[in-house]
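Structures given as structure tokens follow.
Each of the next two complexes has subunit A plus one other chain: subunit B in the first, subunit C in the second.
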Partner chain A sequence: MSEALVEIDRVSKRFGDYTAVTETSFSIGQGEFLAIMGSSGCGKTTMLRMLAGLEEPSAGEIRLEGRSQKGLPPWGRDLPLVWQSLALFPFLSVLDNVGFGLKMRGVAKPERDRRSLAWLQKLELGEFASRNVMQLSGGQRQRVALARALVTEPKVLLLDEPLSALDAHLSVRMQALLRSLQRELGITFVYVTHSQTEAFSMADRVVIMSRGKVEQIGSPQAIYRHPANRFVAEFIGNVTILRGSVAEVGEQSVRLNTANGGMSVSRGNFAGSHGAQADFYVNADQIAIGDEPRHENHVRARFLSHKFIGNMVTLFLEVPGIDDDLKVILPERTYDCLGLQPGDSVVASWPAAAAHFFGGAA
Partner chain B sequence: MSSNTSRRRWPLLLPPLLWQLTFFLLPLLFLFVISFWSVVNFRLEPDMTLKNWDFMLSRSSFWSAYSHTWALALGAAVVTTCCSFPAACSLAFTVSERTRKLALMFLVVPFFTSYLVRVYSWQAFLSDNGIVNALLGLFGLDGLPMLNSDFGSLVGYVTLALPLVTLVQTMGFAQIDRNLIEAAHNLRAGPVRTLFEVIIPLAKPSLVVGALFAFILAFGDFVAPTYLGGGAPPTLSNLIIDTTKSGQQWPRAAVVAIMMILTLVLTSLAAVRLAYGRRK
Partner chain C sequence: MMLRLGRWFGWAYTGYTFIFIMAPIVASLVFSFNADRFPSLPLQGFTTDWYGGTFTDPLVIESFQRSVMVSIPVALISTILGFCAAYCDFRFNFRGKSLFSLLMLLPPTIPAVIMGLGMLSYLSRIGLAGEIWAVLISHVVIALPFAMAMIRLRLAQMDSALEEASWNLRATPVQTLWYVVLPFCKQSLVAAFLITAAVSFDEFAVAWFVSGLNETVPVRVLVFLQGQVSPVINAIGTAVFTSSILLVAIGMAFSGMGKAKRAAADAPAQPACGTLVSNNGLSL
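For the complex of A and B:
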């Protein structure tokens, strides 16, 4: 990440008694693709609206290129937003929709039309310029909204769940388009979404929010491998959380007593002492399944069900003494070779390096 | 299935259909028919003559009344639309839902009193020795002639149409997608530009329909031009009264009435076209 373009400094937002965002701070780099992810009501859209100036923070400050945005009305900012509802003007043609921002900046009509048309052509919409926006398909309207926001050449583009109304196929194509556009233009994208697929496939960094607070900021890989806390782990859903009491703190690993016997967990920067209760998690794609244990940590489990995701399979196993199912992710071919039937008894095993304490892996 | 249900439902449509047929379409047809009748010795006689049409339409007094009525109704539409606009805007955008409902309820209150009574009470304000001129006198200003003028008529028309037009406009503004307003702000349109570039185009149907209501109400109104406008120069409604009073000329009055209806039908069609007209 290069220098910070946008700084969010201890920003809070209250609506009456309801606090949407609580003392949140993070910064967004020049040319970065940042996704803000969380379930509905987590404050991600409020965050975006504060960036656009549509809401004023109750406390704290937002800075763009070092300048405080406090008190600046939305029309005094240069942070175009792509709306979830797209918010295209129904009474204007496609071309005039795209040119709206230029018109407000006093760009003369010939120049305005030339630049708008260039953007429409870039997004393969040139032939629709004189149509009404209502005559376009969902995907086409999406691109009109994108062109309208980008035609003014902003430094930062804000996107509020822009793909949520599209079907899966179209969404994947739009993700590729967004990512390549962002690379090509070199501008900063701030992308709000509830979809893990969208966030992880496009973003350089992901901010995970819940109840108005940031739970974790990091690259998709870092969040996937090392969730910072129980909330993130459950939200991403690719690990199983276990609990035990510390028996021995070694150089590389920590030995814990769990309901399923002794287990080794990577030490990281674990600071607990002997006898302390500690939560740890096991990455689902680092667990081996078989008749015999293949790694030092192992449990006997009963196979419950499975779910295909692409060419990977997620297995759900029932383990005595654990409330949640043990999740295991295997390549489809490996799963086929196992020939498992629901109810089958298997041994799940993993190395100490696949298990970590929350916040422990720096 | 849909044709089946519609067949089962059509008896429900019978009462309004009968009502319209008996009390609107048939009288209208009768109006059209008697415009071809004659008056002999102050009595209507069935006939098939074009002389009533010829008499009225060749007369400059008819056409001056026609243009005067048109101008007044257009003025009423413009003035009422402009007066309603700020009120409707703030009711739709700035006040709470509760206040808006309350305000809309109050907009109905003027209809509790007869329009005639409200127009009469304006006389107390507008007459040469009325309240407005008395107030002007307090500031050492000369009194203005307001009663028995086009201004007086306009005051009456606005009294008649303002609550309805404000209601129509408020409903129209309230339906505007707030996202579009925010999108305009986001694309650097300040409040004034957003008003002209986004809110007015979006509210156009309600603005036009509101203005059309004001136009229709003013065009056919007899009370305001008579009691506040003084009846001179006459409007078409004054002309109808004069024609029927002078020599029982019902057929000629029918000609005027048909011309009025025709005008309103054409104006309404044009207005609807303007409001909902083809978008590119």
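For the complex of A and C:
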């Protein structure tokens, strides 16, 4: 990511009494793959529609290469969008669908067809050029929509949950295709999704939105390891949030008194003083399970249930004094060796380095 | 067993309904070729005299020409205005929109006699009563809702992202209308044209009020009937029925073609146009 290509500057969008986006600012770099993630109604699609000019911001400004986009209609912008419904033209052939944008730019038919066909071939659709789009499979249509948006060689491509209609297998293949295409073309992708898997597997940076506001912007790793606040922590769901009062602020770590005894948390840039209440979180994949404590922080817990995610297992433990379940992520083989049954009593322990304050990590 | 009985009953009932609807038309067709002057059984032998006599009668020929001359412009105007109204209703939100839609679809619910009287008193006030224009204007009023309903139904099947996608690819709203919306509606436009042509061609009551000396075919038939009971009526009836049903069938084929050619994603075309036509009926 180098200099900012797209700047979103204190943008708000209101629909009557409803505020979809509130004073949001961030910038998108040249050649960056940016994912905007959030649950439905968080304002992510509105944000994308404002970029495309389909909605005009109620306040603030969007700039592309430094130029304000204010008042520019969608047909005056060069920000093609790949739609969730694909929005292919059912009455046109595959080739004419792809060539539509070129036709509207006044490119003559032979040139138009040549460029469209080149894109279709690149996406392994060359043989379907003369077909009707309705005769294609879901994955093929997806690629037609992609070709239609890319044939005009835009600087930025907008994608609105393009993979949500595909089955898991196809979705993974499309993710790989999108990622390699983006690298190869070196253009900026702005990808809106509610899927953490999609966002984290493809994006350079992820914007997490909730109720019209940005909660956190960062690399997938940074968001995963260091959620900025309670919302992000709960949204990503890979940490357990605990609470305690500060007993002692040390060089490296902070000592807190919690409902489950004293615990050490990485200090980071924590600025609280003695006696203050503080939330902190523990990363689920850095907790050890056994009969004996293996690290300085430990709690006795009751094993409730588990859930497989690929070759990892998430365990849910009940700990007295904590409302939420304590989440622990283990490799599947480790989990097998433990031979746990629901109701078993275990000791969960973790080092101070696995626990952090919100916003405290550098 | 019960199931088979039920199915049998269903077929019988459907068959009975068809006989009920078709019998008078078939009778008219059969008697139009019957040599006997009076429509009675047994049949007296085959003849095409009635057709020959009818279609050399200048009054009949003129009325046919007039009907065609009216129904084609009526179909054209109704389809264009119907598209405009349907698109307005589809695309825009404005104050009084529900009133607009109600008024658009009102004419077929008004009794034909009332409509005819209203048209006559209005058109005579502006000096058009008895002119061919009067029939044309009245028929546009009657046919327009059919065109609008058919086209509106098609627009309802359009993904609203389709227009936005077109704008997004740098087509202006006017280009989008031309390159996206109209092609999407093409089959329903053809169907609307043919069916409004049929509506105009068959319409009797209002034409009877406003046409004056410019008789259309249905009006001419009534004039014949008032004078005499003649098999000529059967001949005209058969000809009018055949041409109307052809128009409707071609119209249906156009709207149905979309169904066959496009897969499930692009939903079927006008299932309602059959009902629309039978509402108006064949006025003979």
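Here is the rule we go by: the second predicted complex is superposed on the first by the 362 of 362 C-alpha atoms of A that agree within 3 Å, B and C clash if a C-alpha of one lies under 4 Å from a C-alpha of the other, contacts with A are read in each partner's own complex, and residues count from 1 in each chain.
Basically, a residue touches a chain if its C-beta (ideal position, glycine included) is under 8 Å from a C-beta of that chain, and two chains touch if they have at least 3 such contacts.
A quick note: this is a predicted structure, and the numbers were derived from the prediction, not measured.
In this overlay on subunit A, subunit B clashes with subunit C.
Contact with neither subunit B nor subunit C is seen for A:341 once the two complexes are overlaid on the shared chain.
In the superposed pair of complexes, A:130 makes contact with subunit B only, with no contact to subunit C. Looking at the shared chain after the overlay, A:148 reaches both subunit B and subunit C. Contacts of A:105 after superposition: both subunit B and subunit C are touched. Within the superposed three-chain model, A:93 lies in touch with subunit B and out of touch with subunit C [touch as defined at top]. Applying the stated touch rule to the two superposed structures, the overlap between the subunit B and subunit C interfaces on subunit A comprises residues 52, 54, 73-76, 78-81, 83, 85, 87, 89-91, 100-101, 103-105, 132, 134, 148, 152.
Those residues of subunit A that touch subunit B in the shared complex are 52-54, 73-76, 78-81, 83, 85, 87, 89-91, 93, 100-101, 103-105, 130-132, 134, 148, 152.
Contact residues on subunit B toward subunit A in their complex (touch as defined above): 177, 179-180, 182-190, 193-194, 197-198, 201-202, 204, 279-280.
Residues 52, 54, 73-76, 78-81, 83-85, 87-92, 100-101, 103-105, 132, 134-135, 148, 152 of subunit A touch subunit C in their complex. Of all the residues in subunit C, the ones that touch subunit A in their complex are 159, 161-162, 164-173, 175, 179-180, 183-184, 186, 261-263, 265-266.
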